[in-house]
């Protein structure tokens, strides 16, 4: 993913979080799960830095939103222990696959710090910007 | 957190544990989750050193007592795998957020070695000293 | 395991996956769980590289298919936390013990990237080639 | 723990396993959880090396048999995530606290490779030798 695209995604997420009045961390990774852009908003707890990174990695590494990943990577799911691979992944929402306008997967975004519902909503609105 | 404050918190916890007749480890970390003070009472098993550290980290990193953290960071909670981030966190009680007299979060305390109820009680009494 | 045998197992798995129209990673390890052969098919998500390796390791290290391993290495099984030993193992299917024609265990194969059922089916057909 | 004591414990366990016709790994650690003696019987899968070590560590670090530890260090227990501290511990039987004739804790023994029931039985008989 080009840095200009990652920056667009990042800034869309930050603007959306500010509108919603929440403080989050946002990580954007490329298709190989390497970070391209990151920001921590004032007030976000330090623990969510790692969470936003792992959410983005989960989406990029498995071509799957982390909320969907959570259905299988769980003691009650079909692939328990999958969540412990690749250095630790995320089995709840807020990691979203990033696609370009042609539908090609170009990376992932992870948002953490608000409620999971809000994290998902912020990540989705940012992802839509790139796909538009 | 200043060392003098961390020492006050630590000594309050140790005195309370001695009154209760239990042997615990106590870790005090600053707002960035770095240790400021630590003590292992005679008789506390070596395994609880790491536990007291992880409890304090959990509270400081998520601005949340570890007993509250346990409600979401659990296979049956809304954020399973959160407990495996940041090098491993604690999903049971005994980690408490430390605030100063103005209510500002300045760090965390972790107590481990007694029953979870007693660990929590010791940590809470120590945290109150700082907030007073 | 000799490289020629590992290559036979690997190529059988890849041919089977291609026939089934799925993109997988395949890892073949020897009896000491060290990799001998590996391939990532075009289109397989990067996250399954590690999964195929851990599946093969699980089979070789415990002389047990990973689907069988999953019965005990699970919060509801008789040996919870076994899945976290040896650097992280796999508690679902797709890792198969490799035996030679005499029935001696010579290593393990791990297949990941398709459904677990298909992963198992591919790994089994590859394992049969070696045992024949 | 003195090496002569650890050797006695180890050899008692190995003799008992041989009588029972099972192949196990046995680790003896001192009160600080450092290894003093270890043996892998012919035929024991390589994966159980790490398991026997973690079982012995669990007993020594928490002054508690690993079967008892499993009651709390479990998603359904009172201290979920305790099993992930100290580099990973064991939440099933086969790790036993070692005490001398005066009842002082001097270390732990971990047995792995047979059924959990047999692992426990072997470890207990070895521990009794030291306490006698």
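For clarity, chains are labelled A, B, C and D in written order, and residue numbers in each chain start from 1.
Following the convention adopted for this analysis, a contact is a pair of C-beta atoms (placed from the backbone, for glycine too) under 8 Å apart; a residue touches a chain by one contact, two chains touch by 3 or more.
Quantities reported herein were computed from a predicted structural model and do not represent experimental measurements.
Between chain C and chain D, what is the gap in Å from one C-alpha centre to the other?
Computed value for the inter-centroid distance: 30 Å.
Could you give the separation in Å between the centres of chain B and chain C, each centre being the mean of its C-alpha atoms?
Here chain B and chain C have centroids separated by 42 Å.
Which parts of chain D, given as residue numbers and ranges, touch two or more other chains?
Within chain D, residues 75, 84, 89 contact more than one other chain.
Assign the assembly's chain-to-chain touch graph to one of these shapes: line, ring, star, complete, other.
ring
Any two chains that touch count here, so list every such pair.
A-B, A-C, B-D, C-D
Quick one: which bits of chain A touch chain C in the complex? Just the residue numbers, please.
32-33, 58, 60-64, 75, 78-82, 84-86, 89
Which residues, counting only chain C, touch chain A once they are in their complex?
Where chain C meets chain A, its residues are 45-48, 50-51, 54, 70, 73-76, 83-84, 88-92, 116.
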